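Below: one structure in C-alpha cells.
As written, the chains take the letters A, B, C, D, E and F, and residue 1 is the first residue of each chain.
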Amino acid sequence: MSSIIRCALFGSRRLHHPALNAVRAMSASGPTPPFTTLSISQPATHVTHVELHRPQKYNSMNKVFWSEMVECFNQIAEDPECRAVVFSAAGKIFTSGVDIMDMAGEILSPDGDDTARKSWQTRHIIIKHQKTFSVIEKCPKPVVVAVQGPCIGAGVDLITACDIRLCTKDAWFQVKEVDVGLAADVGTLQRLPSAIGSRSLVNELALTARKMFSDEAMSCGLVSRVLPDKETMLTAAMEIAVEIAARSPVAVQGTKINLVYSRDHSVSESLDYMATWNMSMLQTNDLMKSAQAAMEKKNLKDVPFSNL
Amino acid sequence: MSSIIRCALFGSRRLHHPALNAVRAMSASGPTPPFTTLSISQPATHVTHVELHRPQKYNSMNKVFWSEMVECFNQIAEDPECRAVVFSAAGKIFTSGVDIMDMAGEILSPDGDDTARKSWQTRHIIIKHQKTFSVIEKCPKPVVVAVQGPCIGAGVDLITACDIRLCTKDAWFQVKEVDVGLAADVGTLQRLPSAIGSRSLVNELALTARKMFSDEAMSCGLVSRVLPDKETMLTAAMEIAVEIAARSPVAVQGTKINLVYSRDHSVSESLDYMATWNMSMLQTNDLMKSAQAAMEKKNLKDVPFSNL
Amino acid sequence: MSSIIRCALFGSRRLHHPALNAVRAMSASGPTPPFTTLSISQPATHVTHVELHRPQKYNSMNKVFWSEMVECFNQIAEDPECRAVVFSAAGKIFTSGVDIMDMAGEILSPDGDDTARKSWQTRHIIIKHQKTFSVIEKCPKPVVVAVQGPCIGAGVDLITACDIRLCTKDAWFQVKEVDVGLAADVGTLQRLPSAIGSRSLVNELALTARKMFSDEAMSCGLVSRVLPDKETMLTAAMEIAVEIAARSPVAVQGTKINLVYSRDHSVSESLDYMATWNMSMLQTNDLMKSAQAAMEKKNLKDVPFSNL
Amino acid sequence: MSSIIRCALFGSRRLHHPALNAVRAMSASGPTPPFTTLSISQPATHVTHVELHRPQKYNSMNKVFWSEMVECFNQIAEDPECRAVVFSAAGKIFTSGVDIMDMAGEILSPDGDDTARKSWQTRHIIIKHQKTFSVIEKCPKPVVVAVQGPCIGAGVDLITACDIRLCTKDAWFQVKEVDVGLAADVGTLQRLPSAIGSRSLVNELALTARKMFSDEAMSCGLVSRVLPDKETMLTAAMEIAVEIAARSPVAVQGTKINLVYSRDHSVSESLDYMATWNMSMLQTNDLMKSAQAAMEKKNLKDVPFSNL
Amino acid sequence: MSSIIRCALFGSRRLHHPALNAVRAMSASGPTPPFTTLSISQPATHVTHVELHRPQKYNSMNKVFWSEMVECFNQIAEDPECRAVVFSAAGKIFTSGVDIMDMAGEILSPDGDDTARKSWQTRHIIIKHQKTFSVIEKCPKPVVVAVQGPCIGAGVDLITACDIRLCTKDAWFQVKEVDVGLAADVGTLQRLPSAIGSRSLVNELALTARKMFSDEAMSCGLVSRVLPDKETMLTAAMEIAVEIAARSPVAVQGTKINLVYSRDHSVSESLDYMATWNMSMLQTNDLMKSAQAAMEKKNLKDVPFSNL
Amino acid sequence: MSSIIRCALFGSRRLHHPALNAVRAMSASGPTPPFTTLSISQPATHVTHVELHRPQKYNSMNKVFWSEMVECFNQIAEDPECRAVVFSAAGKIFTSGVDIMDMAGEILSPDGDDTARKSWQTRHIIIKHQKTFSVIEKCPKPVVVAVQGPCIGAGVDLITACDIRLCTKDAWFQVKEVDVGLAADVGTLQRLPSAIGSRSLVNELALTARKMFSDEAMSCGLVSRVLPDKETMLTAAMEIAVEIAARSPVAVQGTKINLVYSRDHSVSESLDYMATWNMSMLQTNDLMKSAQAAMEKKNLKDVPFSNL
C-alpha cells in the first residue's frame, strides 16, 4: 500500500466491521489528508472506499479533484491489500459536474500566441482530464459506483469508467455538455455507447441533454440495480465489493483486464489475448484453494488467498 | 443552403410555427420539386423535415429515391441553416422497402459478359445503394426518424442509419431480406447489432424475418420512445429536433461526429480523436454564450448561436 | 453429409415429423455413435439437432466432449443437407460446466520442465478448448440453443457462441469462473459483452459469479424468449429452426457470416465486406424463387432451394 | 467512357501508335477541354494518359486543379475502355506543389465567426483536398507516374497515391511542408511510410524538408526505376502501362484493389477479403483465354478480353 | 514428434552430420512416405529439412501437395524435437507454381447449381489453399527457405510465408497470376508488401508479372542473402537453421510469434501482447543457462535446453 | 523548461556555439545532476543533447537509467524551449545493452507466492521498462540518434524508438536477446519491422542474433546516413537537429505526431486524424512567417517562431 493511502487510512475507520457498520463507516466526516476532495477508508477487508467529498459544493469537480483522482487510483492499483473499490459521493447530490468557477480560466483562455498554440495547450488539458477517469478503468481492481440524486455532466463521464453501477430511486443522470456549448470529451461519448444497449437512447441523451431517471437507467442497463435509498444502496455496493474481494485476486483482476480488453477488440483477438494471459495465471494456487473450498462447502471469504 | 433545397422550401411551408402547427405543416401534400420522392420543409428554425412521399406506393423505394436521398442529405450537410433533421414518411405505412418492380432489372440481370463482370457490376450497384443511407450517418446534423405502421426491409436499413428513433404504437419492423433470398446488404446487418442490446434478438430478426412490434422495439432499445399515434409522434420528434436545434451547433455536431467515431473505434482511440477534435472546438464563443444563458436562466432557444 | 454424422442419423430418428413429434423425437435415449457425449438427430428437413447427452453427469463437459464438439460442428458445417441447428441438453440440467474430475489433471499440472514450458503447454490447452465453441460461430448454419435449469461456467461460454438463445422459466445462468480461481477463458469474457446490452451487468455477473434467472436473462437480452417448460421451449426452438431452414441457404448463411463479421469490424469495413460478399451471392436463383413464392403467396417451406 | 473524357479525347490523339509515337503523342500542346490544368489522351489501346499541364506555372496546383483531378479520375474509374493510366507533367518541372498565390486565401483566412467555425471550415477544405489524391488510389486502374525535375510538396502527396513510380536522373523530391509552417496533410505523412522501406529516411525527409535525388529515391524504393531523360522515362512508363493494359482487367483491377486493401489490414483480414473477392472473380472467361494464350505462346496483347 | 514424420525420418538420413555432410544429405532421392511431394529429413540436431520433391514436374504444386504441406507443418509445429526448418526444392527449378493440369478442374468448374453456389464452393477452395501457406506462418518454428532458379506464381506465395529467404545467383521470382487472368489469392498480395520495402516495386511486380532477378531481390530486401550456387546456398541455410536451433526454443519461438503479431498490430498493441507473453516466458531456466554459457564463453550449441 | 533540466543546464554548456564548437561541447565530462546516467546540455538554440553517460560500464543500462530516461524525456516533452533532440552515448561503445549484474535480480526472481503472482510482477516490470523507450516516441520533439561502435540488445530497442538514425562506419547492431534466452520485449520486435524494409532481414537478425554492420544498416534503411567517425557523425546529427529546430514547432511536432499515428493506422484513418489535427494547427502565424521568409529568401533560422 502506498504511504499516502496508508496515512489516510490510519485514523479510526479501517477495522473490519460487519456489513452495516461498514456502511455507516462510509459516511465520512471529511476528506482524508493529503486529499482535499476525496475521503479514503477501508470499510472491510480488502475493500477500499473512495468518497467524493465536497458536499457543500454539490461535489463539483474542481482543479484539485482532477489530479487527486489520478494519485488516488494509481495508489489503489499498486496497493496489494485492496481487491475491490466502492466509489460514492458525500451528501445528497452525487455531483453537479465540473466546478465551472474553478476551471473556467484554463478552458476558456488557454495560453498561446496564436490559435495553433492555444489548441495545443487545450489538447494538453483535455488529455490530462481524460486520464482522471481512465485511471479507474486501468486500475485492475473492480470499482463499484453508487449514485444518489443528480449525476450531471462529468459525473456521467466518471461513472461510465467504473465497472458496476448502482443508484438510488431518486437518482438522475444528465449528459449536460451540449447545454454548455461543447461535446463531452472526457469519456461519456466514448464509454456510454458500450455501457448501454440502446444507441437511439445514447444519442438522445447526448444530443438533447435531457435527464434520465433511475427507472430508465435500470431498463436501459446503465445501472444494474436501483435501491430505495442511499444507505440501502451503499449496503448493496459494499456487499458486491465484499463478494468480489473474497474471491481470488488473480481471477478477479484477470477478469476485469480481459473484459476491458474484449470491449475494444474483436472476439478472435480477445480469445488470443485471453489464452496468452491465462497461460501463466492458471498456474496459481488459488485454483486448488478455490476447488477445495467448493468441495468442503466453505465460504470463499474464509479462504486466505495471497495478495497480488 | 443549396439552391435546390432553397427552391424546394420557398413555397408556403417554412415559417416558424408554434409546435403543433409545425407538425401539421409536416403533412406535405406532395414531393417538393426537384425531388419526386421526398418532400422537404422547414417546420421550425434550423429544423429541416424530410418526408418520404410515395404513399400511394407504400413509400416503397424506387430507383429515383436512392439517388434523391444522396442529393438531399448532401445538401443538408452543407446547409448552415439546418441544425437538426426530422425524417418521416407520408401516409399510414412507413415503407414497404425496395420497390421491386422498379429495381428488379438492375439486380436480377446485371450487365457483363461473364460472372466476374456481372459481379463487378453488382458490387458497384450495392455500394451505390449503401451510400443512400450512409449519407444520413455522414451528415453531421442529427436525424430523428419517426416510424408509423410497417417498416420493412430497406426501411430497417434506413432507420438504423438515423440517430434517434421514435415509433407509433402500431409500428412494426421486419428485416425481410432472407424472405426474398438475400442477405441484407445496405446497412441492417452492419448497424442493427450496435443499435440494440440483445444479440440473440438481432440474429433472430435477421435470420427468421419475423415481425417485431413496437413494444418489443422499445424494450430492446431500437426506438427510444413509443407514441400513441402518428401526430403525437411527429410532435415528439419535432420537440426533440427543436431542442437539438436550439443548442450550439458546434457542440451538437461535434457530439454526433464523435458518437459515430466511438462506435467504430476502441475507447482509447476515441478519446484521442475527441481531444484532437475539441482542441479547436472548445475555442468557440458558444461556450460563453451558453454559460451566460445558464447563469441568466435564459432558454437556449433564445441564444443566437452563429451558423456552422 | 459426412459419413460419421450420416451413420449417426441412420437409426430411427431422422424422418420428417410434424412439429410436435419432432420435438418428442428430440429427447434422445442416448448418445449417437461414434459420439459418446452428443446425440445427433434430424427432427425435420434440413434441421439437425445436437443434444449434449450426459444427464447422469449433469451434462458436465469431459475431455471427450471438447473434441467431439469440434468434430460434430465441422461436419455440420460441411453437410449440405443441414441448414439450421438446434442445440439442447438432455435431462433437467443444461450443464454444470467443466467436468472437473476429468479435466483437472491437464489444467492443474501441465507438462513442462520450467514455468515457461508449462505455460506454453497451458496456452496450447486453452486454445484447443476455445476452438470447441468457436466452431459453433464459424459454422455458417445458424444455431438455436435451448437452455433449461442451471447453465453454469463453460455452459455460458457455449451458449454465447450460439446465434439465438431461448430458455425455460426455471433456467439460470452463472459465470462461475471467479469462484474457482480463474478468469473465464473460453469465450464468456469475449462474447457476453456483445451479447447483452448492459455492461454494468456483464461486469457484475463475471466478477461476482452471482446467478442470473430467466426473467433477468430476458430483460437484459441474453435470451430472446423465455418459455414455460422444456417441451414448449424445444417446440419454439424447432419452429425457429424450421423457419430458418425453409429459407434460401444462400441468404441465411450469408446473413450469419456477415452478422459475425460486423460484430468485429467497423460499419464501413462491414459494408465493404458485405458488398464484396453479395456481388456473387445475389446471382442466385433463390432470389427469383423467393420472389415468385411471395407473389404466389406460397409458403417458403414449399420452395425447393438447392443445397449450398 | 464518360462523355467529358470522350469529348476530351476526340481530337487527334487517340489512335493506336507503336510505342515511340505514342510517347511523342504524350507531349500535349495544352490542356484538353473541359479541363484547364489537365491534358487527357489515349496513347495506346486501353491506356489513358493524364498530363498535368501548367508548365508556365511550374505545374503548380491551383484551385481548379484540385477539383479537375477528382472529376478526371472518377471518370477514368468508370471508363470501361481504360485499363491503365500514365500520369506525367508537362515541361521540365514535375511540379512546384501548391499554387500558393491561388490558394492562400482559402487556407490563411477561413470563414467563420470564431475559432471553432474557422477550424470546421478548414477541416472541410483539407478533406476536400485529400480527396484529390485519394481518387487515384480508389480508381481501380493502375496508375504509373513519371517524374522529371523537381517534385515538391503536394507533388509528393500526389505521387505516393500512384501505384508505380518512375523518375528521370535529374528528378528530385522534397517534402516541403515544414518549410512553410505546416504538417503535410494531403497524403505524404500517411502514404510515404508504407511506400519506402526506411523509416529513418521518411522521418528525415518530412522533418527537415531536405531534397532527395533520384539515386536515393531509387535505393530507398520510392521509385522502382530511374531513366536517363524524360522521353526514355515516358517510353518506360508507357511500356509498363501497355503491359498492364494487355492483361485481363479482372485480374489487374482485382490485384490493385487487394494490394491497397492489404496495406491497411492484417494478413488474415486480407486473406479473408481476397477469398471473398475471388470467389466470383475466378469465374471469368479471362482465365481460359489467358491459359490458352499461354499454351499457344500467344502474346497477351492479342487476346481480346472483354471490358470490365 | 508425430508418428508420420518419425516414420519418414527413420531411414538413413537423420544422424547428426557436420555441416557439409548435412547439406549433401539434403539432396533427397525422393519423397519420404507417406508424403508423395515432400521429402523430410533431419540433417542436424533439432533441424528439420522439408524438400519439395517433384523435380520431374518442375516442382509444380499438384492437389496432393496442397494437403501434404498442411499435414507436414502441423506435425512440425507439434514436434518438440524440431526447433528450426529449412525448406528447399529438389532439382534446378524451385517451382513453376500451380500444377495447372492437376488443379484446373476444381478451379475452372466449381460445383453448384447457380453462381452463388459456385462462388461459395470457390471460396471454400481458396480458403483451403490459403491454409497451405499459412501453416508455415502459424508454425512457431522459424522456417528458412532456399530458392534456386525460377520461383513462379504460387512459389512466391509460399516463400513470403517463410521467415528467412535466401536464393542463388540464378534465381528469379515472378508474381505470375495476372498473366493467367487472376489476382494472386493465396498470400502474395497480402504478404509481399510487408516483406519488401518498395511499394512501387511490389505493385510493378504484381501488376505486370515481370521477372525479378536475384540482385534486385537482394537490394529490395525480398531475400537477405544471395549465394553463388545451390550447394553453397543450402549450406548457408543450414548454418542459419543450426544457429537458430542452438538457441533457447522459448526465446526463438516467442520471437517468431511476436514478430508475426507485430506485423499485424500497432506498436502499442504489440508491446502489450509482448509483456503478457513474456510474463511467463521469462520464467525459464533457459535464461540462466544462456547467461552461464555467455559467462563461460561456451557455444550455445553445447547448452542442453529442454524441448518446448 | 522543467526545473531539473534547467538545473542540469545552468553550468557552462548551454551557450549558442557555431556548429563545431557545439559538437565539441557535446562530449560531456560526466552525467548532469540530478541524473547519474545521462548528461544533458543545450548545444544550440532549441536543441537538447541527451548523452548516455556510463562509458566505464560500456554504457550498459542499469536500474537507475530506466527511470532517468522517463523523467528526462517527460521533461523534454514539456520544455517549450526544446524543439529537437540529439541522443548519443559517451565513449567508443554506444551501449552493451542491459546491465545484467544490476538488473538480474528483478528479472530472474520476481516476487510472488505462486507462478501467477510472479508472472503478474514480471509483467509489471516489463511494462515499466517498455515505457523507458516509448517516452521517446511519445515526446513530440524529433529525436536524432547517433550510434558509434557496438549497439547491442536493449540498445536496438532504444534506437528504433528514435526518429532519425545515424551511425559511424565502425558501428554494429545486434538483436542479442535470443542469445540470452528471451524474446526482445522492450521494443525491437515491435518497431524494427516498420523501421527497415526487409522482413527476411528483420527475422534473421532477431532469430540468430548475428551482428549487422554499418553498411548493411545503411542499405537496409535502419540508419539514413553512415559517417566516417564519431565527431563527424555528431556534427551531422547536430546539423539535422538544428535544421529541425529552425522550423515552425507547430509544423515539426505535428509532423512527428502524425507520422507515428500513420505507422499504426490505415491510410484513411490517418487522413481523417490529420485533417482533424490541422483544422486548428493551420491557424498559426508560423504559416505567414514561413511564407514571408521564403519570399524574402531569409533563412528559417532567422525567423522567430513562438514556442509551443
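Note that in this section contacts are C-beta pairs under 8 Å (C-beta built on N, C-alpha and C of every residue); 3 or more make two chains touch, one makes a residue touch a chain.
This is a predicted model, so every value here is computed, not measured.
K.L.:
Remove chain E from the picture; does the complex fall into separate groups, and which?
P.N.:
When chain E drops out of the picture, the chain contacts still join everything into one piece.
K.L.:
Identify, among B-C, B-F or A-E, the interface equivalent of A-C, where equivalent means over half of the contact pairs coincide by residue number.
P.N.:
B-C
K.L.:
Give a one-word verdict, same or different, on whether chain E and chain F use largely identical residue numbers at their interface, taking over half shared as same.
P.N.:
different
K.L.:
Measuring centre to centre with CA averages, how many angstrom lie between chain C and chain E?
P.N.:
Taking the average C-alpha coordinate of chain C and of chain E, the gap between them is 37 Å.
K.L.:
Using CA atom averages as chain centres, what separation in Å is found between chain A and chain D?
P.N.:
The computed centroid separation for chain A versus chain D comes out at 52 Å.
K.L.:
At least two partner chains per residue is the criterion; list those residues in chain F.
P.N.:
Answer for chain F, listing residues that touch two or more other chains: 115, 118-120, 194, 196-198, 219-221, 250, 263, 276-277, 279-284, 286.
K.L.:
Please output the residues of chain F touching chain E within their complex, sorted ascending.
P.N.:
The touching residues are 100, 104, 107-108, 110, 115, 118-120, 122-123, 126-127, 130, 134, 137, 177-185, 187, 189-191, 193-194, 196-204, 206-210, 219-221, 263-265.
K.L.:
For a test of understanding, state which residues of chain C touch chain B in their complex under the given definition.
P.N.:
Touching chain B: residues 142, 163-165, 194-198, 219-224, 240, 243-244, 247-248, 250-252, 254-256, 258-259, 262-263, 266-268, 270-271, 274-284, 286-291, 294, 300 of chain C.
K.L.:
Using the touch definition from the top, list the residues of chain C that touch chain E in their complex.
P.N.:
Interface residues on chain C, with respect to chain E: 113-117, 119-120, 250, 280-286, 306, 308.
K.L.:
Per the contact definition, I'd like the list of chain D residues that touch chain C in the complex.
P.N.:
Touching chain C: residues 273, 276-277, 279-280, 283 of chain D.
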